[in-house]
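Please go over the structures that come below.
Okay, so chain A shows up in both of these, paired with chain B first and chain C after.
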Partner chain A sequence: MTAPATTPDELGAAEPVSGRLSRWATSTALAVIPIGLAFLISAVILALLGVDPVAFFGDIVTAGITRESGRFDVITRMAPIMLIGCGMIFAFRASLWNLGIDGQFLLAAAFVAGLGPVVMANLPVPLGWVVLSLIAMVVGASWTLIPSLLKARYGTNEIVTSLMMSFIGVYLAVVLVSGPFDGPAAVPQTDAVPRDAMLMDIPGTSVHIGFLVALVVCFVTYLVFARTSFGTRVDVLGANPRAAIHLGINVPRLIVVTFFISGALAGLAASMDIQGIFGYMRADWNPAYGLAVVPLVFLARMNALALIPFAALFSLMSIGGQYAARRAHIPSDFVLLFVGVLLLCMVGTQYLNDKRARGEPLLPHSLRRAGRG
Partner chain B sequence: MSVPLPVSHPSSTAAGSIPAVELIEITKAFPGVVANDHISLTAMPGEVLCLLGENGAGKSTLMSILSGLYQPDSGQIKVDGQAVRIDSPKSGRELGIGMVYQHLSLIPTMSVIENLMLGSNVGLILDEDAAHQRLHELSEMLGVHLDPNAIAGTLSLGQQQQIEIIKALWKGSRVLILDEPTTMLTPQGIEELQKVLRQVKGSGLAIIFITHKLHEAIAIGDRVAVLKLGRVVGHIERDVLTGETPHQLQQRIVGLMFGEQPVEQEADIAELREAASVARARRQMSDRPRLEVVDVVAEGAKGQYGIDGVSLAVRGGEILGVGGVDGNGQQALAQVIAGQQSLVRGDIRMGDASVVKLDVSERQRRGLRYVTDDRIGEGVVAPYAVSMNMVLKRIGQAPFWRRGAIDRTRINQTARELIDEFDIRTPHSETRIGALSGGNIQKTLLARELSFQPQVVVFNKPTHGLDVRTIAMVRGRIRELAEQGVAIVVISTDLDELVDLSDRVAVLFEGRIAGEVDVEPGAEVRIGELILGGAAA
Partner chain C sequence: MDSLLSERFLTELIIGGIAAAIPLLYASLGELVAEQSGVLNVGLEGMMLVGAFAGFVATLETQSLLIGLAVGGIAGILVSLIMVLFCVRLGMDQIVVGIGIVLSAEGATSLLHSTWFSRSYPRVPSAEGLPIPFLSDIPVLGPSVFAQPWPVYFGLGLVVFMTWLLRKTTIGLNLRAAGERPDSLDAAGVSVVRVRTAAEITAGLLAGIGGAYMAIVAAGTFTPFLTNGAGFIAIVIAMIARGRPWWTVLGGLLFGMSLSIATALQLAGVKVPTAIVFMLPFVSVVLVLIIFARQSRLPSALGLPYHRGSR
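Now for the complex of A and B:
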């Protein structure tokens, strides 16, 4: 994996208005063009599979936007994606590849579900939610400590260690849920918290307030990188680690802290899902958000506000896509294919834009010659 | 490669009248700057064309076009009289254009012959015998002796460069292009290089020699083309070069390079040599050392000496030069003082307090500054704006950050002031610093390090790779600082610079101080001996 391709946009805030406008136009084009292309290519693939693309995308719209329940499901699904995504933004902007999200998430979920009934029985509603969320954040964050300390102290490759810790975390969560946290039900699952102790819905919807929490976190994450010295330090570490040392940044501490935040936000996502949607956790439950969110974070160019529309698109494609795929008799993994195509289109568009910015012709010489001749 | 290739093309040896390479009206623009503006040049077989110009004059862009890295916006390239298109480095090589870059690209753990076979790209099966034979041919031609089985990393920089030259000639070249080839070399290495170039020339190749050093252009070139701001501002032909005295030539070139005010510029150059002694007499030094390095032992980076029991003391207002061939412990010394590297043993003191236990930023807060030699690698964050780079050592500190929140207006205002004060040539304070030339990057670093009350400043190769005008400016700043009572360490591989700036010069040899010399008339010889031979000399 290469370093993130971010040039911190926030740093150029004082340039002339015309420059900012044209850059805004460029960024928008860089987001819109690949999405259009991805829809086009997916339509071709669908047609090749013998599925009517218009009907397929129509079904997605029906199931994810037109129907009220579908709309609420899409928004509900956005919360964990946004929270996990913000966590990844912290790590990735420091060029730290925390790929252990699934382990951090599931372990935190197991603790929230396992301790939920006890905590909620003893604490009033809003305080109980906060306490469980804090527990989840500490658990998620702690699971990053081994990779981050190894990285900070010995420079050990965090991709490998965080991924290994993720496997351990995922199975440890299973052990917890089927052992110490196992409830009275026949299948291995935790005891459930009563319905009225679960996270409340946003009034007038069936969307739990985790979505609002996720919105706030996105905004705060954006501010951290746009405004604060902490964000600048993280960006410098990501852009040039040797410069970070030269500039007097405490690199080992920063590595541990950014990893910690990353894991804490994965834990918060787990807390929102368990407390908002289920109230309990089954031993075999694993939404595997981690690797699905990675491409979204890159699509959003590690900008927490830009992450929101991509989270919406992905959420729509997965909720509506499941319905559409069922109707069209194709596997629901088609959503992942769409995201993959989108990512490729994004990379291609970026490459051509970079060439344009360098003033080079967009087509290789041989192609242009072929075009003329 | 069973049939040995000819060293040069028959056509180029046959007729001296057809240029080996001809550039006609080459133009290349980048956003905001025309790097090459209708440049026309010819390189004839059997002669050295020197391209002389300041940093940012467009030399590197021109060479990138010749080697196929960039495409010109307009203009034509002819090789042996034939119009050609060079659309990749590969096609450049196939046309017989051999490049030797400023920074060597050998793989240090591999042997000479392995490095050469790696570059020759012959296919799946490596033919070592043929490679040995080719190396032998080329060594004969260049008049050099290289052990094919020596590990590249153990050879001197001069020898490594010879390998690069052989690599460039490996497939038979018409033109050999050398980009600032003497920057890394010792005086002896430069002499060797000149000998090699005479051999190459003698066998009928054209040589394009890029440099920003005036005396080199005069000594090595058969013809000189002077570049300024993307244009060719003048040629000096062979008869003039041989007919005039070095001093006349120097005046002529300075006139071309600096346009209307040759006198003032000449004074600048003279100042490089003479201002030193005047300044030295004026300075007041503190009684007690402001920086002390006491018996420090530290490990070196891969392939370099660390330092082994080094002790130094610098007083306020004093400039201590640290000389020596690159890789003799300079890096470790600078990093240990700055706090970027931990030491095995010893003490570092500023004033009366030991700073060994303090981290980089705490040492900065106490007035220690380190102007790194690795400007791009660790000095700047290339994708960031010039303005941001100026405050990166003060992240989170007032007035640029208040209660954790950045104050961009304040940063920009300070940046614009510093851009004026340090004469930094940048389109805007918000321009990416990576887009600036080396000289302007160095000025930005100086602005960052020197503008906030320094007490002790360590300069690591402060003028390495800069043009005459920037060198004068940098040295002027260093002297100014000393006059203000700052304790200064100047690490440099350039003997002239050391003698020019320093009050005292300590020489590092294999990680130890080989000796200290007070700078007085004749000190060069003694320092030179120490640099080459160590303590025994």
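Now for the complex of A and C:
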């Protein structure tokens, strides 16, 4: 700023561009550094377990990128992650901790799978898909009502209530699939819809159109927060509920609405998975996306467009990781370790960046002194 | 239906319920201490899981319940140090770090289990009960309630101790102040960071012991994802208990007994979906929350990092 050669005019012209650029560089670095660290740490862990990390990560690339079917599987898996992630973005930007995703997701899945055969038998194909998805969204969203109403009316901590509702939802889904929705098969599972009534594939691929739906939802979510007053109201609520009240925002209603959207998107994710991949649901099916998607949302800094590459990375790690883990004779839960370590690395990187932004030295005082000897 | 009410059956039912309740009791007591100091310890499930694995390995090597529980507790403390570093010292988001701990612990214990025990599936010998004279002679209740392994009695003693500590001592006052008004505590010359560190380490210790008890006594073995959400149930119990340690006993028994009833019904061949029985304690807690919503209050600084001098 003290450089005498630049006139104020030039400064004014240059500032926004360089400011935007450096902000962009910062957020990229904040995503890339933790991912690199997480790869490094998990490579060390793999080596300690006696698994060759290079071969392991090579297998992930083989199974998830090189093979065409693997590539399609990875893209297919992205759909529920992006949808759930967008739902989380709505809730988290409002500082509402919807930790009940698994219950909302599974309950919606049970309804889609249970009602699917009846609905598809009576409605033409595209309309049936829409009706089932709407049912799923209503079911997922309605499962957020108790937490959100209690939060809005009495300020009851939504973490407890959404977690409780999640457990109830998961068990209720099991009850539904093994009871009223149980099909003729020997194991508790619903009737399957015929193959041609399931979501169609994107032409030329084996990826069902749920991926396109997820892309649209990501884009819309991005626009809501970038361009609409609703998005701004959610952000204000998240930053400071008291300020939101002073601005005349109807805070209780906004809490209920954001929670509702978040649950509806979890329901939509379930509808896409059931209608696109399986056509039926087994009572013991639970992909447990809930907690695993949280890190991606934070890595994307609650930006729905930035979520897409991270969803791709996670999807690659879980699809390719399954194959690599089988080849290395370790459980595929390795992916959980990777995501957990990634989250912790991210928090650490964020801390250092906050410090840098405040202009403080990165190393503690004592350590720097020791370094200088 | 005769078999359902037989003495032996009821005894087994109560023993199973208490076995499931004790890990919840320990873990939620630890969580309660952390929450009172203002740390929302979402990583509890991870601490229990790591404690369960470490405790199981230790008991397997030494055949000692005491050493197993101690090692489980130490492992829990080690995990809680992540929370201490990131959340208490550096003031980062407690929920994010907690979720990171849960995911890492799930992955790590599953990997370790498969590398060490994937083919052997070892078990530890069942823990011996410690019958209390006279009381253990009562039919049904005697052999079930009053002949438990010693950690059960120890846990109840711990509840009494914590009640005293929280209500009657300066330590308890400092703890609650760190959760309610950390700036006032700081102004009074007590380090908020130090109080919260101690509370968080206590949470790790008790969660680790709880997890170890689950593996060594309740299950007799370790399987991946052994805790199966118990950590989150314990968080809920602690939030409802709100600083009253006795409530962790009630909450633990409520969930423990329903788990035991579900297993028992299954064994007795009764045609009730077990999922419904598992669901009941959660439903009852949600009902309680709805009815008493107005009275539910958590420490006002819960989940908020404390930065000295910031407002």
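Note that in this section the second predicted complex is superposed on the first by the 358 of 373 C-alpha atoms of A that agree within 3 Å, B and C clash if a C-alpha of one lies under 4 Å from a C-alpha of the other, contacts with A are read in each partner's own complex, and residues count from 1 in each chain.
As a convention for this text, a contact is a pair of C-beta atoms (placed from the backbone, for glycine too) under 8 Å apart; a residue touches a chain by one contact, two chains touch by 3 or more.
Given the structure is predicted, the values throughout are model-derived calculations rather than measurements.
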Inset, instruction - Name the contact category of A:Gly248: first (chain B only), second (chain C only), both, or neither. - result: first
Inset, instruction - Could you say whether A:Arg227 touches chain B, chain C, both of them, or neither, answering first, second, both or neither? - result: first
Inset, instruction - Return first, second, both or neither, reflecting whether A:Gly340 touches chain B, chain C, both chains, or no partner chain. - result: second
Inset, instruction - Tell me which partner A:Gly204 touches in the superposition: chain B (first), chain C (second), both or neither. - result: neither
Legend entry - More chain A residues in contact - chain B or chain C: C
Inset, instruction - Considering only the touch criterion stated at the top, classify A:Asn240 as touching first (chain B), second (chain C), both, or neither. - result: first
Inset, instruction - State whether A:Arg358 touches chain B only (first), chain C only (second), both chains, or neither. - result: first
Legend entry - chain B partner contacts - residues on chain A that touch it in the complex: 7-8, 11-15, 227-230, 232-233, 236, 239-240, 242-243, 245-250, 357-361, 365
Legend entry - Complex contacts: residues of chain B adjacent to chain A: 29-31, 71, 73, 85, 87, 338-340, 359-364, 370, 372, 374, 377-385, 387-388, 392-393, 395-396, 401, 404-406, 408-409, 412, 428-430, 432
Legend entry - Residue ranges of chain C in contact with chain A within the complex: 40, 42, 82, 86, 90, 92-93, 95-97, 99-108, 110-111, 114-115, 118, 224, 229, 232-233, 235-236, 239-240, 273, 275-276, 278-279, 282-283, 285-286, 289-290, 293-294, 296, 298
Legend entry - Residues of chain A defined as touching chain C within the complex: 45, 49-50, 97, 146, 150, 153-154, 156-157, 159-161, 163-165, 167-168, 171-172, 174-175, 178-179, 291-292, 294-295, 298, 329-331, 333-344, 347-348, 350-351
